[in-house]
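Here's a structure for you.
Naming follows writing order (A, B, C and D), and every chain is counted from residue 1.
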Amino acid sequence: MNTETSHSFAERLLKSRYIWPLAALLLMLIFNLLLDASFLDIHFDNGRFYGNPIDILHRSAPVALLAIGMTVVIATGGIDLSVGAVMAIAGAVCANLLVATDVSLFTVLVAGIASGLLCGLINGALVSYMGIQPIIATLLLMVTGRGIAQLLNDGQIVTFQHAGFSWLGSGTLLGIPVTIWLVLLVFIISQLMLRRTALGLFVEAVGCNSSASRYLGINDRTVKLMAYLLTGFCAALAGIISAADINGSDANNVGLWLELDAILAVVLGGAALSGGRFSIPLSLLGVLIIQTLNTTIMVSGMPSKLNLLIKALAVVLVLLLQSDIFRKQISGLAGKWRHS
Amino acid sequence: MQQEQSEKALFELSNISKQFPGVKALDAVNFRLFPGEVHALLGENGAGKSTLVKIMTGVLPKDSGSIQLQQQEISPSNTAEAQKLGIAPVYQEVNLLPNLSVAHNLFLGREPTRFGCIRWQQMAEDARQLLKRFKLNIDVTESLSHYSVAIQQLVAIARGVAMNAKVLVLDEPTASLDSSEVDTLFDILRQLKSEGIAILFITHFLEQVYQISDRITVLRSGKLIGEYPITDLPRGKLIEAMLGQELQQVTGEQTEATEPAKREPLLTVSNATVPHSVDDVSLTVNKGEAVGMAGLLGSGRTEVCRALFGIDTLKSGEIKIRQQPVTLNQPADAMQQGIALCPEDRKTDGIIGPLSIRENIALALQVQAGWWRYISPEKQRTLANQYIESFHIATPDSEKPIEELSGGNQQKVILARWLAISPQLLILDEPTRGIDIGAHAEIIKLIKSLCDEGMSLLVASSELEELVAFANRVVVMRDHRKVAELQGAELSSQSIMHSIAEV
Amino acid sequence: EIVVGFAQVGSESGWRTNFSNDMREEAKRRGITLKFADSQQQQANQIRAVRTFIAMRVDAIVIAPVVETGWTPILRQAQRSDIPVIILDRNIRADEDLYLTRIASDFVEEGVKAAQWLVENEQDECRVVELQGTVGSTAAIDRGTGFNRVIDKHDNITIVRSQTAEFTRNRGKEVMESFLRAEDPNSICALWAHNDEMALGAIQAIKESGLAPGEDIKVISVDGIPDYFLAMANGLANVTVELDPHLGAPTYDVIQRYLKGDTDIPKLIRTTGDVYTQATAAEEYQKRSQ
Amino acid sequence: MIARRFVPLLATFSLLVVMFIIGGFQFEGFASFQVVTNLLTDNAFLLVVALGMTLVILSGGIDLSVGAVVALSGVLCAVLISEYQWPPLLVFPLVLVIGTLFGTLMGSLIYFYKLQPFIVTLAGMFFARGLATTISEESVGIEHPLYYAVADSGIALPGNAWLPSYAIIVLAVLAGLFLLTHYSRFGGYVYAIGGNSQSAALMGVPIARSTIGIYAMSSFLAAFAGILYTFYTFSGYALTGIGMELDAIAAVVIGGTLLTGGSGYILGTLLGVMLMGIIHTYIIFEGSLNSWWARIAIGLLLFVFIALQKVLNRSSQRG
């Protein structure tokens, strides 16, 4: 008889911030299982795993990377609308290097990442040193960035053949897509950087009350700059795997409106857009919710024109599920119903 | 007579209880207000005073109990409803809108209109008239954020007073006012009293209680201790009722300001000037010495503090630390030199609301250690618990977000934060705002002992008693300039008051 | 000197860029000043551009419309200012008097041609998956309509899955992957994509799933961009209906004729392209990739 | 002496004038009445949307659904008028009511469940656009005498310029919103909530009513802009106004309103819309830029304006 401990465990679970996003994800998976009982099946073939769960993880990689950066920027009280454009730039830089020269893969990747960091630096400088409001500062790069990427590509889709580079987008390692490993790697590194040093605490302090953090001697400008550098880095990486995925750089369409998905993921994870407390694992949970939803829509066979309606309803449902007030109302209603 | 009064109770709360996670903030509390009285609600930090105010004005829902206004059961669910019922609240923290003009803050929701259009000129005129009663002559069309906390507090009070309510609720209205403003306020309260308005008054300044109140209700740890006519409860008994024990140290032994031995100067400021805020100020703080700064509202005390902490940069003049000239461009520079500042406006510049007490205390230390050398949560907790204990911070544990603490306890956390880095020069701007009398004594004691260990102190305060208790020397400011410096035998409340007022 | 204002849709694909470039180069060749306005897929921007062209008093206005409807008011304004308007690339629904001529292909016709190829080459049971263009876009709606019109008459061909991939390569690959997961990959006989970009993405998905695009799954598409010809040459795709991006010459021909006083201009100049298959893909690629 | 808080407005206005003068020197026909009226005509619906957005942003929120609501209301008008033959004068009020209800719903979700505006209105954007595509994927043309009558009414101005009647209506909307924001109690509440919604609640501002009202107002104006847009194109189309919310936000912010809420002016939004419009006009007059250079140029010009605004404001604060 250990009802005591199981009770407290259940209580702790109910209090944890993970429970409701997790519940939403589970609900979605159950719904899928009802549609298709083999939805969660994974099988091993030709040295790699196949199945919807793998696909969901693999397809969520770009948004997951964006969401990691976005989480931190949002925690500082900012926002980055330019990530889609930065993806395009990084992809274009890599594609052009791969096509035009035969520099090493390493150089290509460094150049791609560097372009992302440069974009982050620009955003960060506009926000923290020029004092331009984040949404506008990054909107500038959102508009300009795609233009720059198209300029690099001369308005075409630049395609390339490079086995090593493609491996980043569609290869596997130990049977699992490389993209998943990459997300895992970036996640672990950023988590270590933010939680095993004081950076995370500083980010939260700046996001909660930047005036008070200034009185504490925290250099809020540097903190914000770092956050934008991180999103720049993450966006560049996302751009690289997206380009590697199709062996080409599509400056106009890659990452289009993905910034909204990334922001949505962060919020579904429970973060406040006004800044403050953040959690990267929760944001990644948000990413999984979104990607599962996308996959559900794709495999459900419903007409495409209903996509947005379904997405809207699902998002509202997940948000309500996370709202204490709504849950109280529901349990209140349920109670009344049981009484009558 | 008691009988007769209870029949006429204007406002009555019975059996109010309120539970927060881990804290029973109110436990079956009864409270009555009669027309034409000033009723003081007293208790330690975290006793539940503000919670009671929030419940009676509908900001927080009550767990149980009832509220009656003029024998009618009421249950306001927000401030707007409470105001409609005739209850005008002024909450503890200044809850005004910094982005709006002073006039708009005074009349928000009650703007004078013509054909549905707000008459801005008229409103500004009304605002000027209203503030005249408070002897405040400021530009009412300027946004509120322009003005110091003290002025904001006066504006908040004026807003409450102008509401023409039956019940006026004032939660620590005098926390950052100095004596002349307090006198003005009390004149106004007396007039309201004579008009039959019931006033609830919360404060930690006991002299003020005896100046103005008719009756006292004491809370301790969320429980009602009792309701007394003012005459039945002399100061000693009152303190005993509040703390549950006698307070020996402060009331009795007002420690003599120790004569400063020949000590070497730690901080030397010469001819410091910041445009529009500090005008040619020179001062010295020696090692182990406590220097006070006195002055009227807007005299520039806060601004001197800010300049010394690198928030405002000097346009001319020089700051020397240990005889070495330094440039302070940002707080980090000042912290490097061993300077710490506990700011005046704790809500915007002090607390980091959603973060826990532990993190709020550890932050300054962490900044000093640099972002790379992370102070582990365990170490932070140990540090925090140490201060929670020594400052009697009322909280179930160190993980509670600081914004959920009572005002006074927040102030203690901010003090703890800066003491944790063991600064060489600690600048305190209105350090004991809202701190209860017991903790006040302990903090003064603690700071004195730190001074004895070699820390220097610069205290800007509106409370002259406190300055006299703390300081070896007092600098008097007026119009952003230093006008006097008092020390030794010439140091007393009277002499400070004299130099402040001197024309 | 002739000044022509050109309100282009945007630069959403390589095809569109080629189209814009052709307009530009042809203008330069003929000494015409071209005022180019990119509208980023928004009709409002196009209307703004046309109104600005009118204010600039250009000699002729060329519109490659984003949508078919919504042109009447601005065309009336152009007419009032006596500026001829030529509609390029797409159809519009407005009174014929309001514009000089249309030089356009017929999206429905393209869908029909694509379907006809399939009907001719597939007599057995054939399950088709469809990658639609952006929801609501004319190209997607009409190509789908044309294709369906033909296969509806043939019971052996059915569309089993259909989902938008927004005309892009990345989404094309992603959606195709999900099709391959949701259906038994070996049961799919053909892929019908509303443009080449999506088809190219899908081809990669098919390859990665271990099947042979072009063999196991036939690939049918529209546009005829160089990359797709290369894919056909390599046997990875089967057929495309070309959409000719070289619209500059016919456009300026019409304008110059009109400005010289020639009013005998047909209201519709058709440019629906030909069907290309693997047979000629290699040489076509040579021609196009220069 | 002009009050210091109007300096940002003045700075934006002077930038607008400078741009106009530069364009006038550079291109024939740029500094003309026609370009000015075109600015108003072409941005009429964006201005209406941006005015609603100003209210929302002043209150510290954001409304991403406006572009989709414009599309939805356009599609509804077109379908009801063309396919169901309803009289326009019945359809318009109906569409406005639907728009307002939509905003009310979003506002209620935001207020009662304490959800974040960004996300609720993002879902609203998905929903409205999804509904629009479900109602009609294809664009639907409107043929109705009223439309021709309205299109032909307006004011002829010198220099071949023409101010259509709906641009005049928009000026009326502008005036209405100006009064609402700066001269009504509701306007005061909007600023109060934007300044600090907690403090506002403690000061007795009716938060529930105001919050819901703000979003209802924004959706109402977006629906109104959708109706205007049908006059602009004689049609309704589900893909209208993609990205319009960002244009509106940009215009509001360039007009000097703080995204954190509580500070800004209605007239600033007018200037912001005009500034963005004149940038586009300038690029079209230039005409030699290809797609990507045009984008880059727009971005850079915006940046230059924002930077200049900053510099002008800062130097005026010092002086």
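Quick note on the criterion: a contact is a pair of C-beta atoms (placed from the backbone, for glycine too) under 8 Å apart; a residue touches a chain by one contact, two chains touch by 3 or more.
These figures come from a predicted structure and were not determined experimentally.
Centroid analysis (C-alpha atoms only) places C farthest from chain B. Counting C-beta pairs in contact across A-D and across A-C gives the higher total for A-D. Averaged Cα coordinates give chain C a centre that lies 33 Å from the centre of chain D. Here the spacing of chain B and chain C, counted between their Cα centres, is 71 Å.
Listed for chain D are residues 133, 137, 290-292, 294-295, each touching two or more other chains. Touching two or more other chains at once are residues 150, 155, 305, 307 of chain A. Contact between chains, as defined at the top, is found for A-B, A-C, A-D, B-D, C-D. Partner chain B is touched in their complex by these residues of chain A: 196-199, 201-202, 204-205, 208-209, 211-219, 276-277. Looking at the complex, you find that chain C touches chain A at residues 10-14, 17, 20-21, 132, 135-136, 161-164, 166-171, 173-175, 177-179, 181-182, 197, 200-201, 204, 208, 210, 227. Interface of chain B with chain A (complex): residues 309, 311, 330-332, 334-335, 341, 343, 348-355, 359, 363-364, 366-375, 417.
For chain A in complex with chain D, the touching residues are 81, 130-136, 139-144, 146-148, 150-151, 155, 260, 263-264, 267-268, 272-273, 305-313, 315-316, 319-320, 323, 325-326.
Of all the residues in chain B, the ones that touch chain D in their complex are 59, 78-80, 82-83, 89, 91, 95-100, 104-105, 108-109, 111, 113, 116-118, 141, 143, 159.
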